[in-house]
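Shared between the two complexes below is chain A, which has chain B as its partner in the first and chain C in the second.
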Partner chain A sequence: MDSLKLGPYEFSSRLILGTGKFSSTRRMLDAIKASGTQLVTVALRRFNREQAEDDLLGPLSEMGGITLMPNTSGAATAKEAVRAAHISRELSGSPFVKVEIHPNPHHLMPDPIETWEACRILAGEGFLVMPYIPADPVLARRLEEVGCTSIMPLGSAIGSGQGLSTAGMLKIIIRESSIPVIVDAGLRAPSEACAAMEMGCEAVLVNSAVAVAGDPMAMASAFGEAVLAGRRAWHAGIMQKSGSAVATSPLTSFLGTD
Partner chain B sequence: MPEGSSVADLLELAGTGRQQVAVVLNEAIVRPENRATTLLKENDQVDVLVFAGGG
Partner chain C sequence: MNSLPAWLTDRRLSADIAPLLVQGDGASLERLAAEAQAITLRRFGRIVSLYAPLYLSNFCSSGCAYCGFASDRKTPRRRLEFDEIEKELAAMKAIGIGDVLLLTGERTGNAGFDYLRRAVDTAAKVMPRVAVEAFPMTVAEYRGLAESGCTGITIYQETYDPDNYRELHRWGPKRDFLERLETPERALQGGIRTVGIGALLGLSEPVGEALAVVRHVRHLCRTYWKAGISVSFPRIRPQDGGYQPSHPVDDRFLARMIFAFRIGMPDVDLVLSTRESPRFRDGMAGLGITRMSIASRTTVGGYHDPENAGTSQFEVSDNRSAQEFCSALRSKELEPVFKNWDPAYNGPICKEVAPCP
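== the complex of A and B ==
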């Protein structure tokens, strides 16, 4: 089976879903189910008695077949990200961590230096480290060298829906990387997830595109199918582009009037 | 909180109920099996954390 291999884990779905921005927990759970995903991200927040019904851990555990990938959102430094990872592992029991360090809320671009440092420490502690990064092939190589399980370069800024604006660099990263490349952030429509898979990404991570869609459950299902289609196409060998036309039908002249 | 209160007492006061939470006491994680016996002192910093939606 063509499964997504991350450390010792194997997933049949190559769609990873974020759980943020859904209008309700119920909608989020329905979307997760509809998408076929087996890996979802979550964030940490302080317990608040008034929000107790928004508990995610209980419903997600009950769902079965879902592995959690806690993120370190909120961390501005490697030290804070490492702390978040420790707390998250304690709470979830999952060895996955999405290292996400983006101190500026206007662009939410990842800090490459703090990210590298956090990944170095966490990979050394045995976490399955999945860093969220700019689409930088040099940084991607550095992170592979310190023991990350995958790399997750952005398609465009988080929540911007600007799509695969980093396509050129993504292709380079995919070519040069021996660990799975997972596009994360900025995807808006299923076609973009399909395109990422056609390029050779091993998976895509989508959050806003599903959560703020008119019908999140339907959109989640569409993304699931798009990821499948893209992966199949990649396996099937996509034709090359040509500078000029290459006929598909015989250009017989007997149909002319002379 | 009264003198000699435990982390478990604090969680009861906070109303966590049966929800799974993480507890950090002065930068050290307090595991569930230790919460009844871990006592709080004045100026202790306690963080009670849960998972929320996030991408």
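== the complex of A and C ==
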């Protein structure tokens, strides 16, 4: 089976969904089901043990067939992210943590320095660490060295819907990584998720594009299919682009062979 | 008076937003609304974060002409003791509130820094997020609040017109325009994560006020790269004192201002309180606005003992219960979010008591 391997875990789906920004918990759960995903990320900020109606952890934990990956969205430093990871593991029981450290709360760009430090600590403590990072090939290798389970470079700015604007860097990261590369953030349309998979990503993570769609369930399903199509195409071997036409009947055949 | 900071009069900082504030026809307002909605959806999704104010004290040392708690008002003065604060917080938690804004008047002996810090300590034990709207403080005091679990400060300049400011702030520490203008920076230097600013609409010419707020936001973002900035749009409400706004702002201009801010500042939180009517609030939710107050009491003790809570700072216009307001949001396909923060992230955001590097 062509499964996504993250530490000792295997997933048949290569689509990871975010759980924020939905108009209701019901809509979010329906979208997860429709997408076929088996791994979802949820922010510690949205755990609410005191008010069930406001809580995302409870309904996700009760949902069968999915693994939770808590995230540290809100953390501005490595220290805060580590603290959030400990609390999240305690509450969710999940060994995964998506390290998100964005000190600027407006553009939400990940801080490479604090992210590296948090990942070093958390990987050392046995977490399955999945950092959200800028599309930086050097940082990607640094994170692999400290024991991350995967790396999650951004396709473009989070929530921007600008697609794979970092494609050039992503290709380098994919070529040089020996841990799974998962594109996270910026994807707007299923075609972009498909393109990321064709490029050789092991999986993609999508949130806004599904949550704010007119029909989140249908969009989630479309992303699921696009990811599958992209993966199949990557396996099949995509023909190279050429700058000029290549004749199917060679022009020099009359010269014979050597 | 010392000279005004350069950013306050630098029109280049607000040049993109100025044309959007020109009152045009209905079609132009509709176009702005559609663009503001699309940006809000993309950046913030289908959620509205909720908070509620908790009035700790109505003692005040200033003479703001437009405020029901100004020191010359006959209103009975009261501050909540810490057991009462706990009861207020418990009453707020019972309706789901997870984000509280603690309010006082200007600094007095009854309600000064030590009192406020202890109130923050008390609130942070039970509320996931605690913010403060009180008197201007020193950098060290803000750091103390951040260490106690205060993540945000709200401090309105009231008016960015220095002459009007002097006329309206008749006495007391708030009379110093520049001292107040520099307060958000002291809060950020002290490690407070988010600063809420705004102009009290109705005090001065509204287009000028709006553009000054834009310049202020952009100045703060440029100077303090980790700063979270939010903007509120308070309009003068009827209050004990009977001040009538000299530059009233109607619904259409206020809506235009919010749309323009969302278009020009796509990732800044825009806040609308219960000063506004249910009709206006329901209409604006999702069209730029991302944070709203809910089930607010603007009296001291108004949540746990409304019978004895006394006079309010101003009259609330949206008196709906939390449940009613949430139903209205849900009918617009928006999710009300009561907890959108975690105490795991509390603490000063800067390491030293100095400007962020």
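The criterion applied here is as follows: the second predicted complex is superposed on the first by the 240 of 258 C-alpha atoms of A that agree within 3 Å, B and C clash if a C-alpha of one lies under 4 Å from a C-alpha of the other, contacts with A are read in each partner's own complex, and residues count from 1 in each chain.
FYI, a residue touches a chain if its C-beta (ideal position, glycine included) is under 8 Å from a C-beta of that chain, and two chains touch if they have at least 3 such contacts.
None of the values given here were measured: they were computed from a predicted structure.
Visitor: Touching A:A76 in the superposition: chain B (first), chain C (second), both, neither?
Guide: Touch status of A:A76: second partner only.
Visitor: So, does A:L91 touch the first partner chain B, the second partner chain C, both, or neither?
Guide: first
Visitor: Name the contact category of A:P103: first (chain B only), second (chain C only), both, or neither.
Guide: Once the two structures are laid over each other on A, A:P103 reaches chain C alone.
Visitor: Pick one for A:L255: touches chain B only (first), chain C only (second), both, or neither.
Guide: Neither partner.
Visitor: Return first, second, both or neither, reflecting whether A:L57 touches chain B, chain C, both chains, or no partner chain.
Guide: first
Visitor: I'd like to know which partner A:A247 touches here: chain B for first, chain C for second, both or neither.
Guide: neither
Visitor: Looking at the overlay, what does A:S208 touch: chain B (first), chain C (second), both, or neither?
Guide: both
Visitor: Examine A:V42 and indicate which partner it touches, taking first as chain B and second as chain C; both and neither are also allowed.
Guide: A:V42 sits against chain B, while chain C stays out of touch.
Visitor: With the two complexes superposed on chain A, say which partner A:F22 touches: chain B (first), chain C (second), both, or neither.
Guide: A:F22 sits against chain B and chain C alike.
Visitor: Across the two complexes, what residues of chain A are contacted by chain B and by chain C?
Guide: 20-22, 25, 44-47, 54, 83, 87, 159, 208
Visitor: Could you please specify the touching residues of chain A with respect to chain C in the complex?
Guide: 20-25, 44-48, 50-51, 53-54, 74-77, 80, 83-84, 87, 103-108, 159-161, 208, 211-212
Visitor: Quick check: in the complex, which residue numbers of chain C touch chain A?
Guide: Going by the criterion above, the answer is residues 41-47, 93, 96, 98, 128, 193-194, 221, 225-226, 228-229, 267-268, 330, 333-342, 344-345, 347, 349.
Visitor: Which residues of chain A touch chain B in their complex?
Guide: Result: residues 18-22, 25, 28, 41-47, 49, 52, 54-58, 68, 70-71, 73, 83, 86-88, 90-92, 158-159, 185, 205, 207-208 of chain A touch chain B.
Visitor: Where on chain B does chain A make contact in their complex?
Guide: 14-17, 19-22, 24, 27, 29, 31, 47-55
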